[in-house]
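Think of it as A, B, C, D and E in the order they're written, each chain with its own count starting at 1.
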Amino acid sequence: MQIAKVIGTTVATIKDVKLTGRKLLILRPTDEAGALHGKAYVAVDTLDAGIGDLVLTAHGSSGRMTDITAGSPVDAVIMAVIDHLEVGGKVTYRKE
Amino acid sequence: MQIAKVIGTTVATIKDVKLTGRKLLILRPTDEAGALHGKAYVAVDTLDAGIGDLVLTAHGSSGRMTDITAGSPVDAVIMAVIDHLEVGGKVTYRKE
Amino acid sequence: MQIAKVIGTTVATIKDVKLTGRKLLILRPTDEAGALHGKAYVAVDTLDAGIGDLVLTAHGSSGRMTDITAGSPVDAVIMAVIDHLEVGGKVTYRKE
Amino acid sequence: MQIAKVIGTTVATIKDVKLTGRKLLILRPTDEAGALHGKAYVAVDTLDAGIGDLVLTAHGSSGRMTDITAGSPVDAVIMAVIDHLEVGGKVTYRKE
Amino acid sequence: MQIAKVIGTTVATIKDVKLTGRKLLILRPTDEAGALHGKAYVAVDTLDAGIGDLVLTAHGSSGRMTDITAGSPVDAVIMAVIDHLEVGGKVTYRKE
């Protein structure tokens, strides 16, 4: 899974019928301390994540293994909202 | 999903039989404001997207989860045409 | 799908039994004008593509969605031979 | 599979219901001698791996091919804990 | 498929039960002439490949399409041992 930060939202009227009502958030990958790196991508939110949250996203067919995304043309899903990360015995990120 | 801009079209007479009648568009990835980055790729259009549109593409097996692409040898599909993107409380892209 | 140019051939006597008789071509990715970039990879040819042809390849499980590759341990297939590409209203590539 | 080192842990209260009780570890890719390179990612631990262990992770749908991850929205799993690696006739890594 | 060179071996006592008896080799990607580039990865050997051999590996779900890897948590398999490669009418690699 990718550690990523929610940075924005998308609005799309014209979309595959299976995406009706889905929340599509913009994310950017982060390192193990929540620092941004890499390019933005979009994932379906199934957990009511908020802007600024650090989350985990599952990709590919695994992105369809939630009740909300099953059978849909989506390849990334937010499947966890991170409370905290710990590396080397130290907390590197804690949700505010 | 990848945020991408439609930049062109492909014509291919010799192709897998399941691709007959499919529209194959050329796209380039963009960032969360619609600025191009990265290399061109090709996706099946299922939504009558136009040149210059910003869209979302789903990849891998998820690219086959539309009525049009089911069971076909395609690994990318346009599954949403973006109206606008919002990052940090500001609109970073709006469809003209 | 990846736009790619066919640059060579492979011969492999020792291979998975499902690959018997399959033509495995060497390709390199190109941009939207057919200019090479990126590293070589190998795909199964199902369309009798020739050296120098510009083609589209589908990857991952989508590479198994042709009659020839179904159920085989292959992750890339040539599923279209490109006639021409058009970007910004201009033809950027035309098959000779 | 990716050779990777376990560097940390994640805690997430809000997550997909299928992830309840799953251990989500932070890893970084390593080369064939265990030297770190590349960005951190998260995988499900099914083998009680410890911080500092060198492991192998399987990705994509293959990450769901363990009893613990079957049907879950996860795209990476630790499926082996490495005892040692050998390259060019020399041991490049040995578990302490 | 990736062209790759077998450079080493792994030993792992603790592993998913479906991997019992599987040979896990270390590889590095090569270009179309067998020159190394890119980072090491690990694939299941189903063809008794040897150190120094140039091989093809299939990735993702395609890595599970051999009798030996079916249903296992592995995402890369050696499915061909290369005899020779030919690019531009010249042999760029020949197995010794």
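Just so we're on the same page, a residue touches a chain if its C-beta (ideal position, glycine included) is under 8 Å from a C-beta of that chain, and two chains touch if they have at least 3 such contacts.
The model shown is predicted, which means the values in this text are computed figures rather than measured ones.
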Chain-contact steps, minimal, separating subunit C from subunit A: 2
Any chain in contact with subunit A as well as subunit E: D
Geometric centre distance via CA averages, subunit D-subunit C, whole Å: 32
CA centroid of subunit A to CA centroid of subunit B, Å: 20
Two or more partner chains touched - positions in subunit D: 60-61, 63-64
Cyclic chain order - from subunit A, heading first toward subunit B: A, B, C, E, D
Subunit D residues within the subunit E interface of the complex: 1-3, 29, 31-32, 37-38, 46-47, 56, 58-66, 69, 77, 79-88, 92
Interfacial residue positions of subunit C with respect to subunit E in the complex: 7-16, 18-19, 24, 26, 28, 39-43, 60-61, 63-64, 71-76
